[in-house]
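Both complexes shown next keep chain A, but they swap its partner, so chain B is in the first and chain C is in the second.
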Partner chain A sequence: MMEQIAFYSMAGLAVVSALAVVTLRNTVHCALFLGLSLAGVAGIFGVLGADFLFASQILIYVGGIAVLMIFAVMLMGRASDLTLRQVNQEWLAALLVCAITAAGLLRGAKAYLGSVAAGAPAPSTKPLGRLMLGDYVLPFELISLVLTAALLGAIFFTRKETLPSGGGK
Partner chain B sequence: MTLAHYIALGAVLFVIGIFGALTRRSVIGILMSIELMFNAANINLAAFNRYLHPEGVAGQAFALFIMTVAAAEVVVGLALVLAIYRNWDKTYMENINLLKG
Partner chain C sequence: MTEEEKPKPNAIPVHSSTEGQVGGSIPQVQPPAKNLYPKPVYSKKAGKLLKTRLWPTERWANPWSQPEYRNAAFQLAAIIGGDLLYKYLLAGTALLHQHLAARGIPSGPLADPAWTGAALRTGAEVAWTAFKVILVVGVINVNGLWAVWWERKLSAHMQSRLGPMYAGGFHGWAQTALDSIKLLLKEDATPADADRAVHRLAPAIVIVPAVLAFAPVLFGTELAAAKLDVGALYILAVSGVSVIGVVMAGWSSNNKFSLLGGLRAAAQVVSYEIPRIFAVVPVIMFVGSLDLAAIDAAQRGYWLGFFPRWFVFWFPAGPIALILFLIASLAETNRVPFDIPEAESELVAGFMTEYSGMKWALFFLAEYAYVLLACFMMSVFFLGGGAAPLPFLAIVPSWIWMLAKALFMMFVFMWLRWTLPRFRVDQLMDFNWKFMLPWSFAVVALAGVTIAWL
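This part shows the complex of A and B:
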């Protein structure tokens, strides 16, 4: 019973705020609702018993990406954005695409209606650490390389184009 | 709670993300919708891990990798958007049409 209450409240939070993200006109509100939706997904991870994913979802998404989005919106926003429509002309075709995709995905989900969880979830932080430094050590190192590349790319793209002082150009 | 509930939730979130990515006019709105799609995939990975392979944590490890890649993607994406805004003063998708021909 407790699991049902937690699942439906968190799923409702995630879905309703996701709808707000894609439909609202004010982009700052969209970014705030994105944070709320990501927090709802973190709650779903909690219901699933994935404790480390729950913590990292809060840390990375709610604390990092959503805040970064809010910063970007505030850096690039204009007062005129509030009066312009934020949805383009093809929303009817997009709705059709979404309906077809949803029908297919939900039809696939129906195959798992009889699948129930076996036993209580176990803590996952220790096995995750062992996996990351055991079998998955190569992807783990590669992902740190990806992060470094992303950091360098962000600095490269956003720096000011300054001419070298005293140079010929 | 069966596995179908979680897959249905992931499907609904993914479809909302697709709708946003197809219809939003501002680049930041599209990036936000892409984040929603990443989250839907993560829900599916964690749910499959819990219901079909409860003895291991490989699904959660993949979800962690996706989170990291999503963080890298959004950082580079926002940097690109900021560079476009600085150089051309454009934030709406239909105005960024230099290569349209």
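This part shows the complex of A and C:
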């Protein structure tokens, strides 16, 4: 009972704040609601007993990604960001795409709909670590490679051209 | 009910007999009220005397403290009532169950003693959790009072001054308590062009993660509000959320200094979080667990019978990791030499510029809470937690050692704050990405070497 209350409130929080992200006009409010939505997802992980995922979701998404989003919105913001609506005339098409994607996801997830998750967080860090450096070491390392490439690419593209000598600094 | 009909607590009662007379009425001198407490007031609209109800405690109370007395009465009643309820409800439901069973009536879940017992246990658990939360919040509040006074005295003595000397008597011990009363009474101002909702919410977003992050903190061996298997990661994760509140404060104030302070805070905290987490990785590698209790237990014992097995002495990774963690914690808590988000010589007061009164105090409280949190973390991760430095000192309880180590690290925090100048923004970022980050990677490798060697 308690788990269900916690789960549905967290799920509701995630969905409602995600809706606020795409419907509000003020982009800073949208960015803040994005943080709330990601925190709601972390709460869902917590309710389902995935304690490591819960902590890393907060660490990476709420404390990192959301902050960077807010940072970018504030730094790059224009005055019109606070009042302009975010949707253009193609909202119907977007809604259709969303509906089809959601239906597809639902079909995929249907097999697990009835299964009951553990209520309280169970220690999952050790088994996760063993899996990542054991059975799934190749995908794990491939992801690290992709992330390193992305990092180097970001540095390469944002770097300013420096003059050959003397003028650089 | 309009304003004039309301029974005013301290209003001098109007005699209804004078109201009906028209013209040439004799001006009657009102007798001074003997009793401070309200008498029934005549309302013209209602056509009758309005009774003002008094709580029994209010008969003797100062009128200013009426709500306090009422709350105290409620709390006392709740405690006694809850206790009685817990004691007698179980027995009562068992009796009811028996009676119903004897008459052949199927009893619902309410009459089932097992169900009621489970419900009562859940209630007791909730109450116990709430009590622990209040205790932890008390730690944060008392720490704010103590640390501000200590910092003022320390800074004063470092600068050949005396600091607070008068309030309370001995060395101005009551200075922060009186300061907080002053802050409570101050006007809570909001800029006219501020985003009011975000402006109001920002201090809460800063302080709530600070309280949450204290949940798994060890105050002594096995003395924690919550036992989490991912304790170390949880603290690092939750304490990183506060920066959202800082950025919200900076943006919503609609002030360029505030915005700059908020942006600086975001950039700084997100950058320094990386070496801070990597500095904890050696400890996790040594222990093989993220649980703070396990980390504390792993540092028990002595080499050669006298040299403590604290992680700070695990050469070479331990000491380097501690220094990296200390530097990164200084940056995370926005303290000098990393206080560019609120650099008063450049940005007025940074993101706190447009805050006053208690909201401003909440930012300060959160800062000191994070200082204490960082000190407890260093104490658990590197300085042996509740372990005594020498074997024969183990008779001293673990919480005293934990507190002593944490307070020593807090002294180091303040010492650094009052002896070092501030970084420039670009120097700060260079220092993080070109010094802290490579060394934090190196320290993980060194920890591997240490494990292989030991």
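Assume the second predicted complex is superposed on the first by the 133 of 169 C-alpha atoms of A that agree within 3 Å, B and C clash if a C-alpha of one lies under 4 Å from a C-alpha of the other, contacts with A are read in each partner's own complex, and residues count from 1 in each chain.
As a convention for this text, a contact is a pair of C-beta atoms (placed from the backbone, for glycine too) under 8 Å apart; a residue touches a chain by one contact, two chains touch by 3 or more.
Just so it is clear, the model here is predicted, and its values are computed rather than measured.
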Which superposed partner A:L105 touches (first chain B, second chain C, both, neither): first
Partner chain(s) touched by A:F7 [first = chain B, second = chain C, both, neither]: first
First, second, both or neither for A:S56, with chain B first and chain C second: both
Touched partner set for A:L133, first chain B, second chain C, both or neither: neither
Which superposed partner A:P123 touches (first chain B, second chain C, both, neither): second
Of chain C and chain B, partner touching more chain A residues: B
First, second, both or neither for A:G64, with chain B first and chain C second: both
Contacts of A:L75 with chain B and chain C, given as first, second, both or neither: both
First (chain B), second (chain C), both or neither touched by A:C30: first
Partner chain(s) touched by A:L96 [first = chain B, second = chain C, both, neither]: neither
Chain B and chain C footprints on chain A, overlapping residues: 52, 56, 64, 68, 75, 121, 124
Chain A residues touching chain B - in the complex, by the definition given at the top: 3-4, 7, 11, 14-15, 18-19, 21-22, 27, 30-31, 34, 37-38, 41, 44-45, 47-50, 52-53, 56-57, 60-61, 64-65, 68-69, 72-73, 75-76, 81, 84-88, 90-91, 93-95, 97-98, 101-102, 105-106, 108-119, 121-122, 124, 127-128, 131-132, 136, 139, 143, 146-147, 149-151, 153-158
Chain B - residues contacting chain A, complex: 1-9, 11-20, 22-26, 28-29, 31-33, 35-36, 39, 42-43, 46-47, 49-52, 54, 56-58, 60-61, 63-65, 67-76, 78-83, 85, 91, 93-94
Sites on chain A touched by chain C in the complex: 2, 26, 28-29, 32, 35, 39, 51-52, 54-56, 58-59, 62-64, 66-68, 70-71, 74-75, 121, 123-126
Residue ranges of chain C touching chain A (in the complex, touch as defined): 122, 195, 198, 228-230, 233-234, 236-238, 240-241, 243-244, 247-248, 250-251, 259, 262-263, 266-267, 269-270, 273, 277, 289-290
